[in-house]
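Please go over the structures that come below.
Across the two complexes that follow, chain A remains constant while its partner is chain B and subsequently chain C.
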Partner chain A sequence: MISDRIRRSVRSELHSSRLAQVGLALVVVIVLMATLAPFIVPHHPEAQQVGTGDTEDRTNLPPIGFSTEHIQTTPDGQTEIVREGSLEHPMGTNTRGQDVFSRFVYGARVSLLVGLLGAGIATVLGVPYGLAAGYFGGRTDDALMRGADVMLAFPSLVLAIALVGVFRDSGFHTTGLPDPFVYAARHDILGWVIPRSDHVASMPSSVTFPVTVTLVVALVNWVWFARVARGEAISIRQQEYVKAAKSIGASHLTILRQHVLPNSLTPIIVLATIQVAAIILLESALSYLGFSGTTLTWGQDIARGQSDQRSQWWIATMPGLGIVFAVIGVNLIGDWLRDALDPSIEGEGGV
Partner chain B sequence: MSDEELLRIEGLCTRFFTENGQVNAVENLDLTIDEGEVMGIVGESGSGKSVTALSLIDLVESPGRITDGRIWFRAPDIADELIESGADDEVTDGDFVDLRKLSEEQRRSLRGSRFSTIFQDPMSSFNPSITVGEQIAEAVEVQRRARANPRSLDAKAQRYGLGDYVLSTVLPSKKYVTGASRDRAVELLELVGIPDPVERADEYPHEYSGGMLQRAMIAQALAGEPEVLVADEPTTALDVTIQAQILDLLSKLQAETGMTILLITHNLGVIARMCDRVGVMYAGEIVERGTLEDVFDHPVHPYTRGLLGSVPDLEGAGGRLQPIPGNVPSLLDHEMPDRCYFADRCPKAMDECLEHPPAFDVEGSEYHTTKCYLATTEYTEEKALPDGYFDEAGRAADVGEEPSETETGIGTGTDSETETETEADSVQSDGGEPR
Partner chain C sequence: MGLGKFLVKRTLQGLFVIWGVVTVVFLLRHLTPGNPVNTLLPPEASQEQRELFAERLGLNDPVHIQYYDYLVGVAQGDFGVSMATGRPASELILIRLPATIELAVAATVVAVVIAIPLGVISARRRHEPSDYGATIFSLVGISTPNFWLGVMLIIFVAVQFGPLPTGGRGPSFVDAMIATLTQGQFRDGGIVEWGRYILLPAITLGTYFTALLTRLTRSGMVDEIGKAYVKATRAKGLPETLVLYKHVLRNTLIPIITVLGLQLGTLIGGAVITEEVFAWPGLGRFLIHSIYQRDWVLIQGTIIVIGVGFVIVNIVVDALYVYLNPKVDLE
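Up next, the complex of A and B:
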């Protein structure tokens, strides 16, 4: 399905475009970070280190290279406490003493999973829908696309919140995805293979994955796929080769599969890439508003750090940077694919 | 060549319902085609030739529709099966089946296996993203599945479900195009004279020249070993030398397989070279039909004479070509007068022509008929309509109505004939000498 010509043009575009290289690098780093999270993070992302007298208070530590000073009033008078960032907590800690960097790394997992799966589900829903509408045309098209227009009429965030409200009590609101590395590290035999197995074994054994949010972002975004696929199908339907395929007795399904789908893939691939970024943003917004059901996401961490923005700016800023880099990276990849696959597509701007 | 009828079209009407009104692209068309013959249909652009072909294989696209008429096709096996399943006389007539009465699924199962089509523009008739070999193999495979159970008219075997699709993506062995169908595709490419068919099968359509693509398309059409091959302007998009090669190929294949060919063209040279019988189409009707000799040597209808007069005569040099004045009339229903449609361009229009002529038998072979009063009445000066008669009549009729547009609706009516040609262009003589 992917011809040499396409491979060549994707490669040459990557060589000539600096932005494409930056985007690819960003995305590769984020994907590696998310996948290998247990090996990278220095601390358990949920471990709290609040001073109780016995243990040292490690809350609100600044990131490496920064320092904070604040006046502490004790019965002995006032002392000025200066705290410096250390390598142990490269991005500092939050108000509960959790390591911000560990949470940053683990947050990438949820964002990426939701982004990729959400875009995948949206593609699977929207593309056949749109192809059928465009290919059959006439009343079928009208009926299908008016339904899609109804979905478009709602602001996506409002629709998403409403859908979360419908699904959140349904028992599959979130699910725990087991972490294979941690399982392997805890295993008697496999543990030998895993480097730093003691450290990895102490990491959380599963990732809380927001099922409803994934479904909801797909349900909100599939319409875009339907619209693009429909437009492609309408133009391909009129091609002579579709008529030729009909004249040899091919069925509608064969024609859709063999002729319409492969020729409409290019804009769909580009759209899917850009939608991954859009869905990462939407997921962050939902978890920021507290609809996600998970506690370890970038959006949730922004919401938590928001109130301390004045004194502990890093708590909200670090996950914010995570979102920015992920979205920019994915968008740059989308631009790269668009330029490489079909220079004639314009106006499918990024998020 | 046997003289048995294979196809009998009775009163075929195909209409296009456009925003400007109803377009009568094919109007009450009668036609019989014998088994093993090459039947030609010739006419100007916009005369309804291509729509006739599309009607035959049931590929008229919306907003067009076949509104009336019957297409009897001789297929004893299908007729038997239909009678067994309790079909009435409406659907079958002896060995003949009325194609229009079959379900859409049944009609689809006939495409490729009984009817195949070659289209005008080979360049756009292949999917640019799939290799030529795969596309021919696809046709082979469609037919192989349809024939897996030869008794099943509804060709359940032809269904290729979603499950198969998922499997074919996962398991290479379940691939839609199998090794056997690929081998057959290579065989077919060899049959139509593509050099190095094994290598060429893996090339994409843009790597082929126009003539080779047309050969490949013929290979695709032959995949199902059809009984009737509908060739819709098969050589129009090709240059003259390639035209001759393609026509030779078609003749050779026809001689080998004995299939019936319905050849649609605006090129009288092609007709003269290829056909046994010929029908001349004008404004959606067949105005004259007969054997090649009838039509070329003893034409009756002034339109046929006009067409023949527009062909340059290479041997008898000198003398200007005599184009037919005017254009193909509008086929919009409300603008079609109830008279001979050709009368306003006819040099011999007379009083009788104000009534629509029926088909008259004419001397010559038994097939020779024409829809012209000249077949029975002699043209005399007294009966002639005065010059400019139709201009005035037209103007009188147009009072209060929109100005009549000569070409309106034809573009939507016949998708494959996008070019609007002048008369001299649309009847060419290149591509072959009269045999």
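Up next, the complex of A and C:
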């Protein structure tokens, strides 16, 4: 399905575009970080260290290279306490003494999973719908697309919030996806392959995956896929090869599957890439608002950082940087694919 | 087809979409699991009280009757009565509308004022440092979640510098203008106080659009500058500024307006979350809090009002489009 020509143009675009290289590098780093999280993080992302009795208070430590000062009043008078960031907590800790860096790394998992699965579900829902509308045209098209247009009358975040409202009363559905590395480390499988196995075994055994939110973002975004697929189908159905296939008696399903779908894949792939970025942003907004059901996401940590204490700037800053880098990376890959796959889209004004 | 006829047609289409929105919103509530009576009444309420309450909310009628009643109500501007407070939903919603409109307009103004000159400069000095700067700015701006930007502005700007508040809304624009113009009052209740409150939320909401507009203006101008008419206007000795802003920009505006029209949903969705970040008392924050309280009457009403606003602004954008480009085929 992928011709040599396409492969070549994707590769040559990557060679010539610095931004495409940056995007690819960012996404590779984030994907590796999310996958290998148990090996990377220095602490359990949920472990709290609030000073009680004989345990040391590790709340609100600044990131490495920064220090905080505050004045503590004791019966003996006032002492100024200076705390310095250290390598043990490279991005500092939050008000519960949780390691911000560990949460940053684990937060990438939820964002990427929701982004990829959400865009995948939206593609599966939208593409057949749009292809059918465009291919059959006429009344079918009208009926199908009028319904879809109503979806577009809602701003996506508003529609997402409304859907969350619907699903909320049955509880946010989440499921634990087991972490294969932690499982292996705990059961001593491949012990000689997995480094730091004691450390890995102490990590969370599963990732809380927000099912409800993933469905909501897919339901909000499928319409875009339907529109793009419809546009493609309309132009493809007039092609000679489709007429030829019809004349030899191919069924509609065969034509759709063997001719229309493969020839409309390019813009769908570009759209799907851009949608991953859009869905990461949407998911982070929903979890910022507390409509997610998971506690370990970038959006949720930003909300905590805002409400907890405003002088601890790093708590809200770090997860936001995660979102920005992930979205920039995915967007740059989208630009790269668009420039490489679709020469008809005008780039920098020609010449 | 004349402009008038075109507007009539678009309005009819808009009404159809609004009917769709009302229907979807009605269905959403009926898909919601759980009996609203149980959510609203305390657990110790008697069976009789429950039945009376259900009767009063019209929950005992068949669904199609409820739907009909709801449609008729909405058509008359009656969204029902807030389940939590017992006050008319339309009243509660309309009070909050001006704050949201003010914020959206301010954000658009911020975006246009910054983005258009930035895009023009960037297109003029292609492949110079200022162009790369503008390109990177627009890439980062498009990829930044606006609620995080808002939180960052609160932490790094509002908390550090006294005059900018971390949230809330000052006087309304109209009140502030009146106070400033009639009493010469700038600070207390005047236009300066209005500006102090709206500045950070407007930047938060406007950044995405600033980035997008910069990008569009730049690529549109680059396309347009190469055309023959530009050479002709230059040849007749028109100053460069006039060539760029009067001739080239006008032709660039058409694709810009198209994309902006498509992005209106992002503006409204962005307003919802920006309001939540800055405790700005508009429709978005109201919607979010209605969801927290499960007050479905308010949720439905707010979504319908947002949908109607969306449709109206879309029609306005279309009309603007026609005005800017008389060649546009109104079919």
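We adopt the following convention: the second predicted complex is superposed on the first by the 332 of 351 C-alpha atoms of A that agree within 3 Å, B and C clash if a C-alpha of one lies under 4 Å from a C-alpha of the other, contacts with A are read in each partner's own complex, and residues count from 1 in each chain.
FYI, contacts are C-beta pairs under 8 Å (C-beta built on N, C-alpha and C of every residue); 3 or more make two chains touch, one makes a residue touch a chain.
Note that the structure is a prediction, hence the values are computed from the model and not measured.
With both complexes brought onto chain A, simultaneous placement of chain B and chain C is permitted, the two fitting side by side without a clash.
Look at A:Ser9: by the touch rule set out above, it reaches neither chain B nor chain C. Taking Cα centres throughout, chain A sits at the apex of an angle toward chain B and chain C that amounts to 80 degrees, reported as a multiple of 10. Touch criterion met: A:Glu240 reaches chain B, while chain C stays clear of it. When both complexes are overlaid on chain A, the residue A:Thr95 reaches neither chain B nor chain C. When both complexes are overlaid on chain A, the residue A:Pro262 reaches chain B alone and has no touch with chain C.
Of the two partners chain B and chain C, more residues of chain A are touched by C. Residue contacts after overlaying the shared chain place A:Thr175 against neither chain B nor chain C.
In the superposition on chain A, A:Ala162 contacts chain C only, with no contact to chain B.
Judged by the touch definition given at the top, the superposed model places A:Val327 against chain C, while chain B stays out of reach. Superposed on chain A, the gap between chain B and chain C at their nearest CA atoms measures out to 13 angstrom in whole units. In the complex of the two chains, the chain B residues touching chain A come out as 57, 59, 62, 108-113, 115-117, 119, 121, 124-130, 135, 138-139, 142-143, 146, 158-162, 165, 176, 204, 217, 220-221, 223-224, 415-416. Looking at the complex, you find that chain A touches chain B at residues 1, 3, 137-138, 238-241, 243-251, 253-254, 257-259, 262-263.
Interface residues of chain A, counted against chain C in their complex, comprise 19, 146-147, 149-150, 152-158, 161-166, 168-170, 277, 281, 284-285, 288-289, 291, 299, 302, 305-306, 310-311, 313, 316-317, 319-320, 323-324, 327-328, 331-332, 346, 348-351. Listing the residues of chain C that touch chain A in their complex gives 16-18, 20-21, 23-25, 28-29, 31-34, 39, 139-140, 142-145, 147-148, 151-152, 154-156, 159, 166, 219, 222-223, 225-226, 264-270, 272-273, 276-277, 287-288, 291, 294, 296, 299, 303, 306-307, 310-311.
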